[in-house]
Structure formats: structure tokens, C-alpha cells
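Have a look at this one.
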Amino acid sequence: MSNQDFALLAHLMRRAGFGATRDELEAYAAQGYTATVDELLNPGDPEVMPDDLIRRYHVDQSELRQLDGAGANWLYRMVTTRCPLEEKIALFWHGLFATGYSKLNQARALLNQIDMFRRHGLGRFDALLVELSKDPAMLLWLDNTDNHKGAINENYGRELLELFSMGIGNYTEEDIKECSRAFTGWTLGNAEYMAMRASKDSIWPYSRIAWHFQYRDWDHDEGQKTFLGETGNFNGEDIIGIIARQQATARFVSMRLFQFFAADDVDSDGEQVIEAMMQSYFDSGYEIRAALRTLFLSEYFMSEKARYARVKGPVELLVGAIRQAGSYRAPTLGVHQLAYQGFFMGQGLLQPPSVEGWHEGMEWIDSGSLVERVNFVAQELSSLDKPGVRAIIDRLAAENGGVLTPEQLVDQCLDLLGPVAVEDDTRTALVDFAAAGGGALNLSGHQPGDATEQRVSNVLRIIASTREYQLA
Amino acid sequence: MSTQGVMQGVTMAYVKTIGIVNNGDNGRGFANPHDVVVSRDGRIFVLNRCDPARATAIRVGICNLDEEYLGEFGNGFGEGDGQFGLPVAMALGSQERLYVTDEYLHRVSIFNTSDGTFMGKWGVMGSGDGQVNGPAGIAIDDDDNVYIADQNNHRIQKFTTDGQYVSQWGEKGAGSGQFNMPWGLCAAGGHVYVADWRNDRVQKFTGDGTYVAAFGSSGDGDGQFSRPSGVAVDADGNIYVADWGNERIQVLGPDGSFQQRLRGQATLSKWAEAFFAVNPDEQGTREVADLTPSLPPHLETPYQISSQVEPYFWGPASVTVDADNRLYVAETNRHRLQIYQRV
Amino acid sequence: MASQRDKKLVVIQLSGGNDCLDTVVPYSNGLYYDFRSTVHIAPDAVLPINDQFGFHPSMGAIKNLWDEGRVAIINGIGYPNPNRSHFRSLDIWHTAEPAKIGTEGWLGRVIRELDPKGENVLTGINFGRGLPRALGLRGVPVASVGNLDTYGLFPDLQDEALKQSALATFTKMYGGAAGRDVVFDYLGQTGADVLKGADILRQAPAQYASTVSYPDNPVAHNLKAIAQVLLADIGTRIYYTTHASFDTHSGELPTHAQLWEHVDSSVGSFMDDLKLHNRLDDTVIYIFSEFGRRVKDNGSGSDHGSGGVAFVIGDSVKGGMYGEYPSLEEKDQLEGDLHFNNDFRCTYATLLEQWMGLESAPIVNGHFEQFDFLKPAAA
């Protein structure tokens, strides 16, 4: 297996997943790139950490009353899943259909929404939008609980068109009104009591009561509607059917997928990929899976050009480092701190800043978030007690009798943490740092935590601190 | 939907609910109650497991059947004397002593029940004789023998009250006398009953570990269990099982025969009524709400149903029976006790 | 670099909803004792302000500052259509935007006004992990200092020589590969900002000398760190810290007493520290909470309410009671809460215009009547 193959697979896994360890890359490499893409796109049993073990150990994750436990619960899945694209696509939709805790005070409803993204996130876009329109968290988040026959609330109708499917400029204000009429009667069970509890953050008397969808036919506007030039007695499903077949929708969805999975910025080559994704979207009957397959198998995505063309989002960075370090594979006290850690870096799971989601790309980075990002990954990947770090040391010790020059030490560590491709200036600084630790390293006879292992740990720390590691 | 099962020999009647969620403050209410024991004088001790993010609420709270809050002890999250990491279960010994297991700190802490004074602790993490790994359920028999469900060593160990190792039995497995992450324990009538959590059964032994019987199998039918977490036995030998994964309580006869299942029917406690008295806006919308709704198919596991249907048991981790045949069910996720009376 | 005379604002957020009835206690009002049959402060326990109101007994230091004329009490503070959810209500206070979900923190806007080109990455500092939304604004760097002594990169490295070597390597790496692309350059610049900020902040505890001792609690640690940074004169204008949790639904009396004991003693030490260093004149403290609590208690604590109380403390403050103390009459209540009578943005506008010397309307989203709780020469 060539290093080129590993580098390509590592690139795929950074985008379609949360990075990969060398063991995982070897397994993917054995089946090849296309087979790996298809495995990612067709998730089987994710073999995530068993729910009964989590609930026994973490009562806060059983109850899910609070945001931190809910965020931690999702992080456990991201860290342990064998089907990383299932979680990555859920993270994508979470950013696009951004629904936040602050208004809902209902962590469980948010996690149920994420679970819906797992079930429908790679399937048909129209089916996904129907599920989204029935999603209890979304119904309250965008006030469809206040959207009544004869007294519409346009919030959901507007965002469905502007932020969730077509984008501004492809419909009229009248379309928004007609769309909103079609979604009257789509609400929560016990909407009034649940909305009251949400607005007061009430956990009383016996903790939260979870939400479910309810269709109130007596509150649904049965009248004729005209939407995007079509007229009929439309209900919400009919509206979504019309939305899904619009060119603007195909373009919007393909563009957002491209920016999340391929590159923050779209150039002319990227435009061609987006065109191809749109074609796949229509050919497949609006399948997200088909559009993504076209992307992952495109020359553009597989070329050097797409490498490191995205700033890692905080959750990608955090989960990626944890998966490489091999930690949090069993219920671990303090896992809720990970949820806070994402928030400190600027991406609190289940609490996007607004319905527009997070501002990505370069905007992830400021001096405050960079300190948090570097410190977390540097500490995680230099901890000699973490299984993933031990695996790296074992591989180093098995090479060349465990004797490594500073150059070899740096190159091998870069390789095993990615491969991570770094600029010459970066590599020079890394080699200087490794050499300052004292000439060639001899790992033969190394013992956990001894001085030789400590030198590896130090090099891993600095690699984790590079700019290159901040990019996906 | 009926909450009462087919009635045979033993019948339980609902009495009342005690509790309200406590968000980490001082005073009345519970924070993820994980176990309950009742002293002879009628004081109800509730173990608030909570979680380290709400560190001060990890403690033992005391109330009585009249819903008077009598106080609390334990010093919150930490490794110091009188503090807890992840407390699991409690047992009352002689001389006003309360024993509390801690699966994170791998130890037993002992308190005086009259004033909450910390009296001592014992326990060493490991897998050797007398060492423990994730101690969960604890029971003390009439002779002050202490039994501990040694969760991650998949065995039961027997100690003196000052922590001297006496004996042990079991190993990991699914055969008779083997365990898979045992949780709740009960010592009664010369026998020890074990909620063999990940084997979905209850096993019965003599006090020296001789296997007597096993009840139940995996499933949600009568007499079947899903991850049973607690067990209690009354003076007549009837067995009460916290069928945690099925979010219900099952009552078995002394021979293990199915008697009744309970799904829970909580009502407002005094503390809950006091809350609604000053929050009439919430009370108003609650009164017109359907608190036992029917649900879409993807939300129909017992766990999901319990998250939606407030009166049902949710996270019933532990059961205990008092001298008057009252059954107390501690619900971790609903911060309350539901109390039933054998009639 | 900003001069020593530049006005500084220290914000203390009391998270969870401080019970204003038990903070500024209407101890001569029978209705208070009727509604608060359990959760009340007895008349002989309060620290009297006048014959109607008194401070909570834990507020001895603030009472002394009151007696010196340095405390403005803003009663009945709130906003229209009160929201009783912690998150949402805090968002409203943080973004000065009650009607829709705002994304720009009001203090973030202040920092942008004070330092439009972002020349000093330490113009605003939060003392605590994470960034309160009040300070959040795209393109405005704000440091979050969990622990001033270890702030910066690699706080877990104990070996000082190794840490210096790691930092030197970081400097080299982030300064290299110039011109590769915009993102890489931006990361490099940001890395340099991080190092610069940490270097400057590290001087603060090193330079600090004081005979004032602070109590041992989280808000005291943060206020001491604020004093250290303030006295180091590194140009920081906005200081933010949070104390929690005032969400006293049960067992309120002992909890609330301890919370105020922490805040009160810390504020007392902080003011003593500034006085010792002769720096009382350029600093004002503003203390707020996201809402007050229900008028009636629930037998053990009190539930989420709306109208609340805020404090402005400093030498430049005209001591006194501002706003109206809301009526406790049932007919005057707002859904069981004290009815607010002044918008929190009036207080913001006063602090911005009369203290910071900034135009308030663009920051607080509109024009609001100002109080006169600051001495005329303050700005």
C-alpha cells in the first residue's frame, strides 16, 4: 500500500468521518477507495457504545435534562461509531437546520432530531424535509406551534425556503405565506403546556416531559393555495414535493454539501462538481447519498487541491483527536467536559448561535478559540496513557529497531497522526524541536512514561499544535 | 392503557408519590435518586446520585412518609471523607449505621443515621480477594454480614461491617451462579438475591453463596426482565424486582412465580403541589394536557414512553420494602419515590 | 496603549436568577412576609437602608459602600414580555435584543467601539472558561481567562524549559510558510496574537503587590485576577465574570446567604484593593442577574420570576435607590412576579454614555432614557 493511498483515504476520512487511526486506514486501504466510499454511504451496524452501559453509569445521560449530558451523549456516538458518515451527516444537517437549546430547554427533543438526521440524512431530501417539518424541536424553535388556520406565523415557512432548501431570491413573499398556510395544524402534542414549560425552562415537578408531533386537522387551513406557480389544496407534504424538484433546491443542497465536505471556498472546478452533484440529485430521486457519492468520487475531491482546504470545525477537531487517542471508548466520568470543550472552541453541540447555524471556515478561528483548540488536542495526543498514543509508540518501537533520528521521529509521527502533510518551514521547526530533545531516539526497552516515550509525547504535542492539524 | 397486571396471590395498591426534582440546591427534593432505604422508625433515606456537574446535590436526603423533609448528609462530589464519586446503593446495619457504595471511588462509606456523621470508609480497587471494582448493590443481613455486588469483577463478595473479607462467589458468565455486571442486592430470610443486570435475571443464593435458583429471562413478557437493577423481598418471601430496562416493577411469589407488574402511576407530591400553588400559569396548561399520550412508532420503547408519560416509572433503579409491606420505588430520572402497599 | 485614566467597567453576572426580594428586602412591608411565609429575611436581620428596605444580612461590605455613598441600587429592572428561561433571558441581557434572537453581544460592540482596529487583543477579558454571549461579536477578539497564572498555550506542561521550547517552536511554525494562502496566514497571525496576549497577561500577577487579602471562593479568585490585570495597565477596559448558581428553587435561605457572602466579601476586597492603589476613580462595577424570582415562595425556595435588581458600585457613583421598588400588591404583579418598571437598556445606556463616553443607541438597539446614578464629571 502506497503512502499516496493512505493520504487519500486519510483525506476521505477527515471529511466523511472524524479522521482515522492507522489501523483503521489499513483496513480501509485493503478494500480500496471506492468500496470505502460505498461503505460510508451505506451505514450498517454502527456498534456504538451500548446505551444500557451509558445510562447505568451516567444518570444525566439517561435523564437528558441538561444540555451538557446531551452533548456528551452525542459525542460518545461520534467517538465510538463504526459508521462515521452517519454522525458526520447528522452534524452537517445540525449546522444547516440549526436548532438550539436556548429557546427549547429540551435536550431530548434535540437529540431525537439528531437521531432523525441519522435515519434520513443520507436518504431522499423530500423525505428529510417532511421529517424536519414534523420534528418537535423544529416546530417549537421556529414557532410553527403558533402557526394557525386564519392566523399564520411565517417563521417556519420562511426559513424552510430561505435557509433550508432554496435560498433567497427563488420565491416571493406570497409563496412564504402560502407555504405557511400549508403547515398550519403541524404542532406538538400538548403544545400549550410544552411551550409554557419551554419558555420557563421548567423541570418541575418531575423533570422534562419529552415531545412528540401532533397533526391538528381542525387547525389546518384546507383552502386552495398557490405555491411557486402551482395551485391546489396543498398540505405540507405537497409543498415539500414542489420544493424538492426545483433547480434552486438541487443547487442549494449540492453547494452546502460541497462546502461542508470538500472545500470552504468554491472555485470554477468546484462549480463543475456541484453541477454533477445536482444531476445525481435529480437522477436518483433527490438522494443525498447519490450527490455525496458523486462528490467523493470526483477528480476534484480526490486531487491534492481539496486537501486541507477546510478549517476543521471544533467538533471535528475534538472528536478527531479523541478517536486518534483512543479515549472515551467506555463510559468515563467527566465526559460532559467534552461538551463544554466544544463550546469553549466555539461550537457547543445542540446550541448553535442562531437558526443560521455556525459561521464556518476561517470564522472558526480567533485568538480565544485557537488557544482552546491547540491546548485540547496537544494534551489529548500527548497523553501517554491513552490507548491510541500507546499504539503509535508501539508502531514506532517496531520500526528500525526502535532507533529514530529526529527527522525520522518527526516524519513517522506525522505519518501516524494522519498522514499530516506539513509545509517545509513547519517540518524544519518540528525537527529542530525533536533534535533539541537529544539526538537519536532509542525506544528499545521503553517503559510506559519513561524519558524516551516522553520525547515521542512531546513531538506529538507539537504536531497537534501545528496549523496543518487545524485543517481538514 | 392499564397500569395494573393480572392479579394473582399478591396485590399492590398505589399509595402516594414523594419528591420533586432538585437542581443542586439545598433542601427538599431529590437529584437522580438511585436507592432508597427505610429505617425502623420510618425515616426514608434517599441516595441522590446526581452527576459531578451538579456536585453539591450528590448526597443522602432524609424525609418521612408524611413528606416532611428532615435533612441531608454527605459532602457532595469529591474524594474526601463523606464525599462521593458515583454512589450506587445503601444498606442499613445495626447501631444506626448506613453503608453507601461508590462505584467510582471503589469504596464503602459509613455514616451515622442519627446525625449524618461520617464514621469511616473501606475498600481497595482491584480483583483480588476483598478488592472491589465498581461496587454496586449492597445488603446487610441480620448478623451484620455485608454483601457487595462487585460489578466489574462479576462476583458477590461478603465482608464484615468493618470491611474484613469473608468470602466470595461467582465469575463472569451466564451460567448458574455466574454474573454479568450485577447491580442490586437483597439479603432476606437467610438468602441473598442478586439483580444479575446484564443477564436479565434474578439469582438466589444461600448466605454462603450456594446457588439456589434463578428467575427470569430476557424480554418484556410477564416474568421476563430487561436489565434488572434492584431486588427486595418481604417477610413472606415475595420478591420485588426493579425491571429497569422495561421501566416497570415486577412482583414474584417466593417460588419466583409471576404475580403482578406495575408501570407506575405517580401523582403530585406535597412538594409538587406547593410548586403549582405559586405557578398557576403552568398548572393551567397542565390541567388541559393529556399526560398519557399515544406516540409515534419510533418513540415506543419503554424508555422513550417513560420519557413522555410522566406518571410512569422512569429509571426505576431500586426497590425496598418496609416492615409494614410498603414498597418504595426510587426513580432516577423522575426524582421521586412511588409508594405502594401490599393489600 | 490606553492610559490609566481610561474608564473601566467590571461586570459581575449572577447566573440563575437572583431573588431580589431577599436581596433588597422590603422589611416593613407585611405583604412580603405574607407571600414569603418561609423564604424571607426577618426584620431584625436585615442591614437597614432606610425604614422600608434593608440589604440581605450577607451584604455587609456592600452596606458599608452604601453608607459611603458608592452604591446605586436599580430596583424594578427588566424588559417587556419577560422570558423566564435562563438561557433565553440571559441572551436578551447579553444582546440587548428582547424581540428576536440577537447574535451580537452588547459588550462585544463596546469593545469594537473602543478598539475598532483590534489593536489590543486584551481590550475585553472574560474571567472564566468560555465566552459569555455579551462579549461575543464576530471579528472582535476577547480573551477568556480560566486561570490567570497558567493562561496561554500548554498550561498542562509543568516543565518550564520544555514549555519554553514548545512555545518557541510554536512561534517558528506559525511564523513560517508566508503567503501559502489566506487561511494559513490568518492562522499564523492569530497564533502570534495568542502568544502576545499571553505574554502580556503573564506580567499582571508578576507585577501585582497588595496587602489586601481576598476570601477563598471562585468569584473572589476572579475579582483578584481582575484587580491584577487592571492594576497592570495593559489597556483592558471591559472585565467580565460570573458567579452561580442563584437558581434557588429549594433550600434557598442558606444557599442564597452563601452566594451573597461570596459576592459581597469579594467586592469588598476588590474595592479595598483599588483604594489601596488609589485607583477607585476609573472603575465602576455593574452587577446583574437574568431575572428575579416569584413573589410567593414555594415552601422551600422560589421559582423563576421577572423583575429584578441591579447594582452599580464605585467612587464615581451617586449612591441611592433608582428605579421604583415594584409594588407587592397582587394587582400590581406581572403573572405572579414583581413588575419591572425600567428597561435594563436604560442602565446600559447610562453606563455607555456617561461612563464609557460612547454613543449608546447602536449598541443597545435604540434610544433609552438614562439614569443619573453617575456623578456629573464622571465621563
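Here the chain labels run A, B and C in written order, and each chain numbers its own residues starting at 1.
We adopt the following convention: contacts are C-beta pairs under 8 Å (C-beta built on N, C-alpha and C of every residue); 3 or more make two chains touch, one makes a residue touch a chain.
As the structure is a prediction and not an experimental result, all values here were calculated from the model.
Student: Relative to the centroid of every protein C-alpha atom displayed, which chain's own C-alpha centroid is closest?
Tutor: A
Student: If you tally the C-beta contacts, which comes out ahead, B-C or A-C?
Tutor: Counting C-beta pairs in contact for B-C and A-C gives the edge to A-C.
Student: In whole angstrom, what separates the CA-based centres of chain A and chain C?
Tutor: 34
Student: Any idea how many Å lie between the Cα centroids of chain B and chain C?
Tutor: 43
Student: Give the residues of chain B touching no fewer than two other chains, as numbers and ranges.
Tutor: Residues 20, 23, 271, 275, 279, 281.
Student: Quick one: which residues in chain C touch 2 or more of the other chains?
Tutor: 249, 303
Student: On chain A, where are the residues touching two or more other chains?
Tutor: As it turns out, chain A has residues touching two or more other chains at 200, 202, 204.
Student: Inside the complex, what are the residues of chain A that reach chain C?
Tutor: 101-103, 105, 198-202, 204, 264, 311, 340, 343-344, 353-355, 359, 361-363, 365-368, 370-371, 374-375, 378-379, 423-426, 428-430, 432-433, 436, 458, 461-462, 465-467, 470-471
Student: Which residues of chain C touch chain B once you look at their complex with the stated criterion?
Tutor: Result: residues 245, 247-252, 254-255, 294, 296-301, 303, 335-336 of chain C touch chain B.
Student: Can you check the complex and tell me which residues of chain A touch chain B?
Tutor: On the chain A side, the touching residues are 52, 55-60, 62-66, 68-69, 108, 112, 115, 119, 189-190, 192-193, 196-197, 200, 202-213, 333-334, 336.
Student: For the complex, give me every residue of chain C touching chain A.
Tutor: My answer: residues 83-88, 91, 101, 103, 121, 129-131, 136, 138, 141-144, 152-156, 162, 165-166, 169-170, 172-174, 176-177, 180, 182-184, 186-188, 190-191, 193-194, 197-198, 249, 303-304.
Student: In the complex of these two chains, what residues of chain B are touching chain C?
Tutor: 20, 22-29, 69, 271, 274-275, 277-281
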